[in-house]
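Two complexes follow with chain A in common, the first pairing it with chain B and the second with chain C.
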Partner chain A sequence: MTESGKHTTREPLVRIVKRGLPSTGRSIAVRAGSLLAALLICGIYILVVGKGEVTIGNALSQMWNGTFGIPGNARSMRIMLWDTAIYSAKLLCISVALAPAFKMKFWNIGAEGQIIMGGLMTAILMHDFGSGMPKPLLIFLMVIVCIVSGAIWGVIPAVFKAYWGTNETLFTLMMNYVAMKIMDYFYNMWKGKLSALPTFPEQTWLPPLFDRSYGWNIVIFVALAVIMYFYLKKTKQGYEIAVVGDSANTARYAGINVRKVIIRTMAISGAICGLCGGLTVAGQNHNIAYSAEAVHTVTSGYGFTAIIVAWLANFNTLGMILIAVLIQFLEKGTGQLGNSFPAFAVGAGNVMIGIVLFCIIGGAFFMNYKLVFRKKAHPKHKSETEVRASDA
Partner chain B sequence: MEQKKQVAIEMRGVTKAFGSLVANKDVDLCVYRGEILALLGENGSGKTTLMNMLSGIYYPDAGEIFVDGKSVSIRSPKDAFECGIGMIHQHFKLVDIFSAVENVALAMDSQEKYNLKAVAAKMQQICDRYGFELDIQQKVYDMTVSQKQTLEIIKVLYRGADFLILDEPTAVLTPQEADKLFQVIRNMREDGKSVIIITHKLHEVLDISDRVTILRKGQYIGTVDTKDATEDSLTEMMVGQKVELNIDRPEPVDPEPRLILKNVTCKNAEGIIVLDDVSFTVNSGEILGIAGISGCGQKELLEAIAGLQGVEAGGSILYYSPQNRKTTELVGKSPRKIRDLGVALSFVPEDRLGMGLVGSMGMTENMMLRYYNDNKTIFAEMKKPRKLALKIKEELDVATPGIDTPVRALSGGNVQKVLVGREIAASPTVLMTAYAVRGLDIHTSYTIYRLLNEQKQAGVAVIYVGEDLDVLLEISDRIMVLCGGRVNGIVDARTTTKSEVGLLMTNMRKEAQHD
Partner chain C sequence: MLSTILSWITRAILFGVVIMFGAMGETLTEKSGNMNLGTPGIMCIGGAFGFGCTYLYEMNAQNPNAFLSIFIAIFCAFFFSALAGALFCLLTTTLRANQNVTGLAMTIFGSGLAKFFGMFIIPEGVVTVKATFANRLFSKRMPVELGSGKIATVIEEVFFGHGFMLYVAIVIAIVMAVFLKRTRVGLNLRAVGENSGTADAAGINVSRYKYLATSVGAGIAGLGGAYYILDYNYGGWSTGAAGGIQALGWLAVALVIFAIWRPLNLIWGSFLFGLCYWLYNYIGVFGVRMTSAQSALLEAIPYVITILVLIISSVQKKRENQPPAALGRSYFREDR
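Coming up: the complex of A and B.
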């Protein structure tokens, strides 16, 4: 009885209550509110870290210049725009690769590894067989090899998930490190005593388009986004992916072979990652490298960034185009900001990306829930309680 | 004797709703010190929800709870413990790789010193006092279900609970283990503890409890002294008086077998037999009602027919096609294979949004579940589903902003119209429905009854798994009663009585037990 004596009769201060389905109005309001909050916090961050010496307008124009070039300066604009284009396209491609897996609620965070395997196998072709082969055959082989190796890297965790219910998140993550070490092995072997691995011979590069060896990459990456959009929206397989993602039970009920869908979808996801790796090595980097410092690595670390893009775009591959450019703006823009203002030299990009993500993803909570605060105690209710207590 | 009857816990006017579903409405409950109270009701009558409010899992929307006469607010399981309330849930909450004593030590206060020896000694004391049999050093993963349950009870007692709530404790026990448990519970009563047992088994109620509180459909029906109660009187309170519903029941025309099940036995994922040697026939042009407390094999039965549940060797489910009288064995075939063989089977599963439909998709895409594969291109078939969606929306009067609104956003009745509409549109030979009117309003329920009767008159063999006995008695031609995974009788729905079916549901017939 002493135990119950500790007790108050108060309701909890805040309770979380589920809302009905989000209406269009509410979802727009929540998104707008989240973005506004993000901008506000970013603004405060710039003012505080810049110690008031950097105005928000100043910071924004620096970020613009760093992404799209200095307005009026043709050379700067050309360089910056192409650079932004290829990196956005690459980020887009990997996000597109994740879309079918994520739509199926298979959390493939192994894009890094799948890209590396595709890139590495292409590099082996370029390094060891490139000189003795007619170019069309070489390119054909490179494309096949990178797609297949990426697909294999994606299918391994899928098979384990489909048959033994393993956790795909951990599995795909660990596969990344295996792939990195395999690539390190080849890198060091090829490098030998040199300080760095020289680029592969030019005759093994992809043919240029728009005067750039990565021209085809941009075209293919963007085309993939469009194709994936229709694949997910219109085809039987795309439909099966959506059903499995929403409810495996419903899929079984409808006669869908859930295991087959999981494995097939991860083959596609891995294949696109592999293709991205292969094209990056053959068309853009002409080299392999994977280390934390190197900017021009096979993956650029986008295997992880793409997860964010895919989520922010709600797995809509056309929407990802916009998000990929936005991420580039934050990444490259803050790089420029750091160059101009030492206060933002390190990590400003990550901080701002973090703020935007936190607000947008955290804001989604209010789509489905609301908070109910404790109301003031009803006087009547209270008196009843007291009467009761004195009775006892 | 009378003065010993001191009120321990009292709930007054407690209400809890989940969205539009009212799980408990204005429920009163009272437990005295040193008594065993049975909380009786069918599945879905709100027993567990009510107890979860005592144990701090849920917070009531309205109403008051008193412990020892003081109004309390139980916001978390921790609060519940401070009030001396401990609940043993159906699903145990134990750390598998820990030993019994380590699991109990987890429940210690943060101020208490971590001393396994002391904990073990105190546990042993509890065991001796109430007659528990448990090896205190045994790892949980080595324990039987019964031992785990014992450990859960000891854990609660260790924390000093005076009021114990057991949620269907015998569901997982053999009869011998149940007897042992009951002895322990009686010992606890002698010691002045109050015990609430949630159950729907009448003989247990009569066997162990002092008083019974009955809930029906979330509402408080009444409390009686067990010594004044009989199985019949309790059944009546539990299932209610017969209500005239005036559902049409046309006579079956030329019934002939459509499905013949023989010796069908199914095991669930844990390897426990959930459907035990079931044999029966489903005829065209009739509605076969299936009654039973939920969890008695209804789900597995329908899923076995649909190809979603494996059947043990020796079982057979034969399908008789009405067109060419060809027979098809359904056991061992996948749902896709069954369809490809031309078996016209429709299935309205219990879990509408988790199995029958895709909640995040609109009506059109949900129609596609059946038809997306009906063309030879790589593109999903959309035209036919779209037309069907429009037709169902029109004919069944589905209230939805549009056929592309996610069906999750629709009310329960409209969700069911979408599902039933799709399944009937496939012109089935056999139509299986599980709890087709659960949670629906009267109007929609009657729409569903009408649709089922239309199917029956068109010569379809309809299986109607239901929980409302009044409806089952009025709509079915025959009623098969399942009890503990076995067929406990097939009765003529036109001549049987509610109490006959109710007793078949709760009591295994002697003959059935022995054959």
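Coming up: the complex of A and C.
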């Protein structure tokens, strides 16, 4: 920022200085500050759009009702809480899947595709082999197949990255759409002349838990978050991931086989995504989806949302639980807001989610950097910062 | 037969113009080292504001002026998209946020803002509104008559049967190619994208280049959105149209890779993508019959060839075919 050579003695008004690792206290303070800023901007937005008829408290209580149910109304609370639980768990699972890859600085933005491939292979089993097989065998095969196919879809870009340095962000992004079109093929083929694809026969569904066919999904998804926490923090493989992420060269000098770590980690990442897709098809949707519809019901678009969740939680898979619920609150809450107030019916939800995300993303700056303002010049007493500035 | 092929080519060209704008904007952005995955959202913003402003103008003016109508559409699409690009740059360059995360958040925000703004304009209970006047201007064919022969018709249809934005897009692509390859400023910009630290040491203001490239790039991408609504979609805005722009936005990101970051390749690449995209409708030309299920697989072709280009260029390791080396990384001077 000292591009003007004439003024080298004059320190810029604001300088950016890197800080050490953020302490827990600072992390919490920064997050809270970001959320407050987001609340403020969203509040102004709500007041302007609602033309003063919608107060912020009113809007927040609508959002609360849409996510956690109307307080005191047991039925509404039961419906809403279960719904929030399964979608949060699904978002959590995908974020957990992305955590090891991101920690390795491998930008897997192909979770959508990996989920879809897992879901699709499970669906093929349910559709074509569902009736001719004993149920335990069928479920065993479904789980294996979705894990393997998700892993394969994740390993393909990893191999090219490991051996030829192919840009993984763009590769995984493109793989998403290939997967979507393959699923479209099966959707249209099975649908035939019907107006929509009917759900698969009930004998192929996952066995219910808590009276819900997606009960197991919630349990497995949350368990994965706990397992991944220990995998990343306490195991040798988790440590290798961290080293490769910090510096591939350091890892190489330390004797870590970087190629192996990249491929193995992406296999894990893809496998969890695939499992999520398989369980969603078998336990929750009992169906596959068509990509041209507004929301892809197999992935719910979470392959992309999870990227944001994983990054915001700083790869801490337990912290992801909180963020996944926050995103659910925003998504479902703004949906309810749109139902209650027509001014918010279309698009307003995404605008508010965007504002909150921008605030959190931008706020993270203050975790790693601080601003140093120019001090009043004391001719006799040259401060350390001034010396450094004139050196630069 | 001939007319079928002609209509295929025409549709491919119309389609190509939309993603060419998006891809040109993204190319310029990526040359500065910023990978803006918010391009689909930004194109939505361009579409909504470009359409919305010119629609409001033609609704409220007694005698809408042709020049003003076009100017308002293009200016508003460019301006609001560029603002979104500047916001992206504020987060990634000044605040050093992760580019992928910021870009995806921008896509969510942009498509939401587009739908929200569109709904502001649409009267209650109406699904689609049309900017008829602006549509007539944007889809007006070039005034070229070449007689009635068969070859003359083909040339006329293929080269002159389109609205003016096609030619604007081609001119921008050529100018951008010259700018990046032959000018000092273009060289500096590429230096920023290849190695920001070296560029900084050479006295180039890295932040300023990133801001300008990203904002102008976003503005150009936004024109693609406006073109989508005002010509490709026959001037009609609906909430569904925003979804259509978003889907094409991802193809625009793919096209940048396919063209290995060269503006001139974007011209034919975009038409090739257009041919691929519409292939399912015209596959009968080759005497092949397909079910609607199989045609879904045809739609994957652009993505598959993009992957192939990505693989081939990285395996070959030719230095001139690589992505900008600092693509996706934030630059901080004190980092090593």
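We take it that the second predicted complex is superposed on the first by the 327 of 392 C-alpha atoms of A that agree within 3 Å, B and C clash if a C-alpha of one lies under 4 Å from a C-alpha of the other, contacts with A are read in each partner's own complex, and residues count from 1 in each chain.
Heads up, the rule we're going with is that a contact is a pair of C-beta atoms (placed from the backbone, for glycine too) under 8 Å apart; a residue touches a chain by one contact, two chains touch by 3 or more.
Model, not experiment: these values are computed from the prediction.
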item	value
Superposition-derived comparison: chain B or chain C, residues of chain A touched	C
First, second, both or neither for A:Asn249, with chain B first and chain C second	first
First (chain B), second (chain C), both or neither touched by A:Phe171	second
Touched partner set for A:Pro134, first chain B, second chain C, both or neither	neither
First (chain B), second (chain C), both or neither touched by A:Asn350	second
Touching partner for A:Tyr239 - first (chain B), second (chain C), both, neither	first
First (chain B), second (chain C), both or neither touched by A:Gly57	neither
Partner chain(s) touched by A:Gly25 [first = chain B, second = chain C, both, neither]	neither
Chain B versus chain C as contact partner of A:Asn257, first or second or both or neither	first
Which superposed partner A:Asp184 touches (first chain B, second chain C, both, neither)	second
Residues of chain A contacting chain B in one complex and chain C in the other	1, 3, 18
Interfacial residue positions of chain B with respect to chain A in the complex	19, 59, 64, 66-73, 75, 79, 81-84, 160, 306, 308, 334-336, 339, 347, 349, 351, 353-361, 365, 368-370, 372-373, 378-380, 382, 406, 408-409
Partner chain A, residues of chain C touching it in the complex	35, 37, 87, 90-91, 95-98, 100-102, 104-119, 124, 203, 205, 207, 239, 242-243, 250, 253-254, 257, 291-294, 296-297, 299-300, 303-304, 306-307, 310-311, 314-315, 317, 323, 327-328, 332, 334-335
Residue ranges of chain A touching chain B (in the complex, touch as defined)	1, 3-12, 15, 18, 20-21, 234-239, 242-243, 246-247, 249-250, 252-257, 384-385, 388-389, 391-392
Interfacial residue positions of chain A with respect to chain C in the complex	1, 3, 16-18, 107, 109, 160, 164-167, 169-171, 173-175, 177-178, 181-182, 184-189, 294, 304-305, 307-308, 311-312, 342, 345-355, 357-358, 361-362, 364-365, 368-369
